[in-house]
Amino acid sequence: MTETHPPLAPETLDLLRQASTATISYQLTKRGISRTFMVGPQPLRPEERMAGIAFTLRYVPSREDLSAGVHYDNRTNVQRLAVERVGPGEVLVIDARGEIGAGTLGNILTARLQARGAAGIVTDGAFRDAATVAEEPIPSYCAAANALLSSVVHYPADLQVPIGCGGVLVMPGDVVVGDGDGVLVIPRQLADEVARDAAEQEALEAYVLTKIRDGAELDGTYPPDEATRAAFARWRVGDSVS
Amino acid sequence: MTETHPPLAPETLDLLRQASTATISYQLTKRGISRTFMVGPQPLRPEERMAGIAFTLRYVPSREDLSAGVHYDNRTNVQRLAVERVGPGEVLVIDARGEIGAGTLGNILTARLQARGAAGIVTDGAFRDAATVAEEPIPSYCAAANALLSSVVHYPADLQVPIGCGGVLVMPGDVVVGDGDGVLVIPRQLADEVARDAAEQEALEAYVLTKIRDGAELDGTYPPDEATRAAFARWRVGDSVS
Amino acid sequence: MTETHPPLAPETLDLLRQASTATISYQLTKRGISRTFMVGPQPLRPEERMAGIAFTLRYVPSREDLSAGVHYDNRTNVQRLAVERVGPGEVLVIDARGEIGAGTLGNILTARLQARGAAGIVTDGAFRDAATVAEEPIPSYCAAANALLSSVVHYPADLQVPIGCGGVLVMPGDVVVGDGDGVLVIPRQLADEVARDAAEQEALEAYVLTKIRDGAELDGTYPPDEATRAAFARWRVGDSVS
Amino acid sequence: MTETHPPLAPETLDLLRQASTATISYQLTKRGISRTFMVGPQPLRPEERMAGIAFTLRYVPSREDLSAGVHYDNRTNVQRLAVERVGPGEVLVIDARGEIGAGTLGNILTARLQARGAAGIVTDGAFRDAATVAEEPIPSYCAAANALLSSVVHYPADLQVPIGCGGVLVMPGDVVVGDGDGVLVIPRQLADEVARDAAEQEALEAYVLTKIRDGAELDGTYPPDEATRAAFARWRVGDSVS
Amino acid sequence: MTETHPPLAPETLDLLRQASTATISYQLTKRGISRTFMVGPQPLRPEERMAGIAFTLRYVPSREDLSAGVHYDNRTNVQRLAVERVGPGEVLVIDARGEIGAGTLGNILTARLQARGAAGIVTDGAFRDAATVAEEPIPSYCAAANALLSSVVHYPADLQVPIGCGGVLVMPGDVVVGDGDGVLVIPRQLADEVARDAAEQEALEAYVLTKIRDGAELDGTYPPDEATRAAFARWRVGDSVS
Amino acid sequence: MTETHPPLAPETLDLLRQASTATISYQLTKRGISRTFMVGPQPLRPEERMAGIAFTLRYVPSREDLSAGVHYDNRTNVQRLAVERVGPGEVLVIDARGEIGAGTLGNILTARLQARGAAGIVTDGAFRDAATVAEEPIPSYCAAANALLSSVVHYPADLQVPIGCGGVLVMPGDVVVGDGDGVLVIPRQLADEVARDAAEQEALEAYVLTKIRDGAELDGTYPPDEATRAAFARWRVGDSVS
């Protein structure tokens, strides 16, 4: 991992992969943090869950005097440097300014990220070869597909700086979570407690959902009153012993 | 049902569920009504057909002095009141001003609507838990998925008033129809005749399609001339006796 | 075919159907042509590849004095004339100005195009009956589904003229290629050489991808250095003899 | 005035007309209310200040079965009822869903509002005759000019209900303030204290601005430290005695 | 004039220059034509009125193989041909697809159009040198200013064909009218009667406005009842004799 | 000046202030650089010309855990640091991601920049107090006015890094030029020659414009042929001796 942050609790990422972004967003909103769900990035693999540490890459608009000289030198091109620095468990998050007029990367770089153990790829821009990217066994999120080479439109400016992606802030080291609905970002310092409480909430809501499906009214059930919470506690014990 | 309107013919909703929105839109356009197909809402369950009576819910932008006090009290929160008033055969249509920066409801309220016998859910905003909403056996249409709680962005202002959704008018009691293409609204007073004529048109177009697939030219076939209509009449008799 | 152009090499369209739009776009960019991938049109049949000759149809905004008199006369309506003139191997490309507030055509015209041997249909507007259009065994690309009749919003102005579609130029006779990512246009005069070089690039990148999946670093592999190219040449021989 | 609310302090509207929307927005943000400045409405008379009580009018999308029958009957048409109910000191705020494809009202209704003593007119839609509206001596704000009659696109649904305008909530009775930058809304219950504190802030910032123009560094001056505040207090006394 | 159309009544353009686009749009809407006001083009000279015959120019997206060879040859470049063919009393209307990423023309071509006696220039794209264009004594309307040469983004495809501009149809020979609010298009065959009735309506509304400013209620005055119309008739006589 | 770059020729900025952005853009396009004119920023003082050295400031989306702690400490807040580092002749260019939902700075910081000798201020976001900013005698460009404090929506991430603004790249040290049409960026290394050639072109086009206004045809005049260029040379001599 390229940056040092206080370590996460060992179970945090696992817990987050089991919670929906809706649940996690609720836990963040309770703590006063509401601007964390990205508008734009959609999952190419909607069945999968993603949780990892943000590794950021920032694109700015390209200009002909810059893109003319692009040879994709793996030792100087910031895009290539980023791909070769992303570590296991990290999510590459690319700020493409919401510009979908060209790709941000394609299937070969995706395969390399997958080989390096990356936990996912996210951009508010487009992927080239999105259909093939979708076949790599790594969660990936983009706003569109576009066959055009990134360098025509984007210039990779720097990596591991704060960026915006899909309208939300991503700091290197933040925790990035994705599911079928999309992607959200958890401020690093809140990840452990949010993960724990999200797991609790998921269990409770699973119970609430069974009650609602059985015909319970919202009142008393959702949000759960004391009686429902007590019933949940009993159900949960039964559930885990069964 | 919460509102009184002149009753629909008993077969109307069934007929509408068998016609495509394209066919119904044509029947409405013939009657001078063209602004009825929503731009924005997409089906989460594209294989399903929806037909029901509009139950409307109107959101306005939220403001911190309002959302601060939201406890989702099921007896005062207009969103919750709406969910508990939607009756069998009704479609909850939520005016979210096309704002997708937060959800409008999520999977538990969807499950409750399903339990109450609702015929569908439509919004020009987003769903939370859209992936899970899609699993509930009820037709549902939204413009996006967003994990953020509705109250951060939306304030439920009132229910059963005229609203705009996806750029079109929805009056309580209008008939709302959905298929894989999206959602349209039929003015209540036209629903019976449109349903009947749409069924006729579907039968005719099914026949036309077989001719076209067999290599017929458009001329004479589509639109059908007298000869084609006569052949259709014969085919139809044969079709129903076979 | 309605227009005369210098003939394409016999294998060109086949080669293009085997290359991704990402690869073809790269070949065009190398030749200084970058504005060719359409933003907007999405595949209804993402598994299929499309390659054919552009047959263009241009819509302008409709106005009530024009649409009032529309009877869809197959002998005067430009939309209908276009459908009956598209020849085998041609792709009907419809300039709808990116307007998705109505359809541009629906399933019956699609079936007719399919019966005429068309190679595909593309629009930056919407299809009516998009769900049914998707069932016709012909590649089709649109920006949305909309049940509303085209004549309410669009007036078919002329055919086989230069148009814009999805933000890019389409000249009658250009080569139009589509895959799961979307659609791009190849200037006629470049089609043969681009097809040939794209096929080469696809083979090389297939090899590179196996190396990357096996854990190779980008450096030396992508872009391939001399050693990698030599290894590819050996692998390719082996590949074709095996 | 058509609604009853706790009375405002007598000087509140006068104070607000002397403060900029920037200053008022700061005072609201300090109190936790940030979503109050409208995006879209621009002043037709940028030199003027506006402060008044919100009188709301809500438009929904029109539909041909409704607009066909519109005779602009002044006794039933909600738009007309609204104009004839707006009282002295009130600001008519029209929710047009940000739709600028038709006007919302024109110069004659503006003149009537002016004659009735209205304090201003605001819409996130368009005005007809905007050039002439701009000549009426009443502050007016719109997002565009459009010559098309409102009834083709808008149907006036109701008045004096909570609405959204320019992306922010407007409750009947809220205080609406406008200057050259645009329009913001003050929750009724905060208007008195915000007006008072905004006046204080304006005075302090006027002093700060003189210091900055004289070459003072930001540090110590903006935000003002104790020394600057003390100097301001002395200056203010001098200012008011001189 | 490059196209032949039935001649307009000699006073038509003069009458139209004295009516507002709001009034003309009303006259068109009464005749069932509502889609005629352009969204996008704004006046560079808002004090001026424009009325003339549409001369259309159509741009499509540029592509590098086309723009590379552009020398602005005045004998082959369609943009230049258009400028040298626009006749006295004609309005050059340029379909730029709403694309403001480059200019469509600049101040020298504007000066040439002015020297040729053109009645105005309209585009839904941008002008280069818009500040200088605004100084030429010819009404001009654009959606933005952009310094970039048109050929980088636009390719002039043809002239005197039906186009879309600002979302509305423009046929060569249609009548184009502009005022401070923007631009609308009158179908050629309706221009004479619309001009005549618009002049009548302007006179009546001028009278209505005086009544409203004097404090008359809407009811009876706007729309005018019999009494108001009779009073108008008397006032008008007096007005014209005085 | 905070960055070291090769010095500009002493007359470069003066020459650029006398050329229009249209002329400069043409000179850049001739050199293969076309992506330099910003879409979005409009002049608050359209009569003024601006030319200076880019000093960049980058905003990212704010998040509640960051904005909560903002005290606008002039020694740590990056926005404030930027304002106090901008040197004489520099233009502060703020990347606001095109987000106009809050201001980026207001009139007091503008006054401080003016006092420090800044050559201008540019953002693709909004200004607070835009009406008052417009009164400061410094060229300023923004995409909108918005009264809301920047910290609610924007977090100042860093300064003097490459940014995007209005869709174009801005490198620290680039030359930024503005006129009534808007703003463009000249790559540092091209500024001297572009300034010199732009001055030449302005002189020639001034001459061409007089010819066109006198009734000359485009052909031979624009672009100027040898005869016109020779006449220009004579006129220029006469012009400078007179």
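Letters A, B, C, D, E and F name the chains as they come in the text, with residue numbers starting at 1 for each one.
The definition used in the following text is that contacts are C-beta pairs under 8 Å (C-beta built on N, C-alpha and C of every residue); 3 or more make two chains touch, one makes a residue touch a chain.
Every value quoted in this text rests on a predicted model; they were computed, and no experiment measured them.
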| item | value |
| --- | --- |
| For chain C and chain D, chains touching each | B, E |
| Least hop count linking chain B to chain E through chains in contact | 2 |
| Angle (degrees, nearest 5) of the CA superposition of chain B onto chain C | 120 |
| Whole-Å gap separating chain D and chain F, where each centre is the average of the chain's CA atoms | 32 |
| Distance between chain centroids, defined by C-alpha means - chain B, chain D (Å) | 37 |
| Where chain F touches two or more other chains at once, by residue number | 34, 36 |
| Every chain pair in contact, whichever chains are involved | A-B, A-C, A-F, B-C, B-D, C-E, D-E, D-F, E-F |
| Touching residues (chain side chain B, partner chain A) in the complex | 71-72, 74-75, 80, 83-84, 100-101, 103, 106-109, 111-112, 114-115, 128-132, 144-149, 152 |
| Complex contacts: residues of chain E adjacent to chain C | 32-36, 60-66, 68, 97, 155, 157-158, 161-164, 167-169, 187, 189-190 |
| Chain F residues within the chain E interface of the complex | 20-22, 24-26, 29, 34, 36-37, 39, 46, 179-182, 184, 205, 208-209, 212-215, 217-219, 222-223 |
